[in-house]
Amino acid sequence: MDELLLAAAGLIVLAVAVGLARILRGSDAERLMAVQLLGTGGIAALLLIAYATDVPGVEDVALGLALLAAFAATAFVNLLDADQGDAEA
Amino acid sequence: MTPSVLAGLTGAALVGLGLYGLILHPHPLRKLLAFNLIGSGVFLVFGIVARRGAAAGFRFDPVPQAMVITGIVVAFAASAIAVALILRLSVESSHVTLDPEVWTKPNGGDTK
Amino acid sequence: MSIRPFLDLVLASLVLGVAIFTITARDLFAAVVGYVAYGLLLAFVWIRLYAPDVALTEAAVGGGVTGVLLITAGKRLGAPNVSQEAQPGPGLKILTGVLAALVATALGAVILMLPDPPPSLAPEAAAAIDGAGAGLGNPITAVLMSYRSLDTMLEKVVLILAVMGVWSVGTDKAWGDAPAPLRQQKAYAPMVFLAQMLAPVGAIIAIHIFWTGANAPGGAFQGGALLAAMWMVTMMARLVEPPRVDAQWLRLALVAGPAVFLISGLAGAITAGSFFAYPSGLAKPIILFIEAFMVLSIAAALPMLVAGPPSEGQDQ
Amino acid sequence: MITLLDLFSIAAISAGTFFFFAGTVGLLRFPDSLTRLHALTKADNLGLGMVALGLIPRADSALSALKLIVIWALVLVSGASTSQLIGRALRRGRK
């Protein structure tokens, strides 16, 4: 069962890695999307690995990462459209 | 190859990469970014020392790990000061460069 | 046949790939986005090295907050006065590449030739933890707060010095005013909603991570950094503005951590016989007490470092 | 020995993995930014959600299970809001 969890983690990491190609050749908005995918996929892989290898306390780390991914995304989006001028019309 | 050795080699490569960017990028913020890359590479190299030093019933040596945590925060504090200096430099001089030629040219301030 | 070596290899090549992208990206925004992704990936490497505490700190401070610092700075710097820089010539590029490769190779060689058995401070740390830091299940927290407590205290002082350094770079006329806001215009609905949802939940999670730090991964640094991130989220949505730098409460919050730490250390010198010694039996509550104030200081210092020096006309 | 709960875990985690793949394929293959955004949100919400759901029976305590749900909820809220913000930035011409 543990090997199955690890295999799923490996597949998700692989999927996310391919998605990261968007970082290399995309617009700023698409780069953000790729990072968001990396954050979510990373959290999923982290949880799977943690459950498979019994690293203690990783749920808290995942919780922190989820919070940080949200924080970083907010910051980037904030700057992505800050130069667009006015508030919502 | 154990995970620690792999991570250590990754750290070494990161130091090299960061050094390259630090020297070559003309933009000071990019230099700062590269410098942070070097820093994280050094932390990684230091971190595998922690992983190797597992003893006394731990899975790792907690002393280097604790020092890496302290180091990350200090590195951030240093970056923040550097950013403040860069921003003030650009306000004062309208230049965003560390290129000595711009600063020593007689008419340096008005090249724009 | 285990899948782990494969996972590690994918992870390492991902870290290197994103690092290369960060160095070679054309514009600053792309480079910083890459850097945040890099910080996240590095956190996974730290997890694989059984260092969840470092992973959380790296993701929070190394990736997230540093990324926000750089991107905010890039925005304030503006694009126009950057483009005139001359690119280095090919000769210099090759020379630098060779130098960088040499340094990396030398470091790599050192890693492959590390002494066996590895030197370790773990036994000393374990002894110190059993003594002064008794009652803490997380060895990292015990090392930070007991075995190397002076380092940790001074590191808080470094944070305060950095805040002072950043503030003193501002213009004379602006002194006492608030730093510029993290966003020019009024935020619009989805952003405000996100901040309103995220900040309270995030604050609870941050306090939880600080609290479990005594026995499990987490601690004052991680909790403080997450709390700082939540404060910045509310600033980005313009729910709150950066405070004036001469505000009394802000300065008290900044100084609280090191001050309480230092006072406890001095008290230890009187009651327990040596500087930064904790009286036996009371170590855990005292350490948690000190850490609570450290969380406060870190949560106040990091956003002030990102917000930058006081800026004229930001008086509310 | 595979129990019914294990089967549930395997099914949910496989579904989660599938959604991550779907999200990646969409991010790479869809024609424009808005459709890519659409693909991304599926990976975000369902991929992680299914994985978390599959891990809940394997959690040691109620608190661990609760944390899994909170992680999912956090990603849902932030993913939905930032997608909205990215979409808005795209509409307003930032490519």
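The letters A, B, C and D name the chains in turn, as written, and every chain counts its residues from 1.
Note that contacts are C-beta pairs under 8 Å (C-beta built on N, C-alpha and C of every residue); 3 or more make two chains touch, one makes a residue touch a chain.
Quantities reported herein were computed from a predicted structural model and do not represent experimental measurements.
Think of each touching pair as a link: the shortest run of links from chain A to chain D has 1 of them.
For chain C, the chain with the farthest CA centroid is D. Of the two interfaces, A-C and B-C, the higher number of touching C-beta pairs belongs to B-C. Once the centre of each chain is set as its mean CA position, chain A and chain B turn out to be 23 Å apart. Averaging Cα coordinates per chain places chain B and chain D 33 Å apart. Separating the centre of chain A from that of chain C, both taken as means of CA atoms, is a distance of 19 Å. The geometric centre of chain B is 14 Å away from that of chain C, both derived from CA atoms.
Annotation for chain D: residues 70, 74, 77-78, 81-82, 85, 88 touch two or more other chains.
Listed for chain B are no residues, as none touches two or more other chains. Within chain A, residues 28, 32, 34, 39, 60, 63, 67, 69-70, 74, 77 each touch two or more of the remaining chains.
Which chains touch which is summed up as A-C, A-D, B-C, C-D. By the touch criterion stated above, chain C contacts chain B in their complex at residues 4-5, 8-9, 12, 15-16, 19-20, 22-23, 28, 31-32, 35, 38-39, 42, 45-46, 48-51, 53-54, 57-58, 61-62, 65-66, 69-70, 73-74, 76-77, 81-82, 84-88, 92-93, 96-97, 99-101, 103-105, 107-108, 110-112, 114, 118-126, 139-140, 142-144, 147-148, 151-152, 155, 158-159, 161-162, 165-166, 169-170, 219, 221, 298, 302, 305-306, 308-309. Within the complex formed with chain C, the chain A residues making contact are 3, 6-7, 9-10, 13-14, 17, 20, 23-24, 28, 31-32, 34-35, 38-39, 42, 45-46, 49-50, 55-58, 60-61, 63-65, 67-72, 74-79, 82-83, 85-88.
Those residues of chain A whose C-beta lies close enough to touch chain D in the complex are 1, 4-5, 8, 11-12, 15-16, 18-19, 21-22, 27-30, 32-34, 36-37, 39-41, 43-44, 47-48, 51, 59-60, 62-63, 66-67, 69-70, 73-74, 77, 80-81, 84. Within the complex formed with chain A, the chain C residues making contact are 2-4, 6-7, 10-11, 14, 17-18, 21, 29-30, 33-34, 36-37, 40-41, 43-44, 47-48, 50, 52, 55-56, 59-60, 63-64, 67-68, 71-72, 75, 182-189, 191, 194-195, 198, 202, 205-206, 208-209, 212, 216-218, 222, 226, 229-230, 232-233, 236-237.
Of all residues in chain C, only 188, 190-191, 193-194, 197-198, 201, 205 touch chain D in the complex they form.
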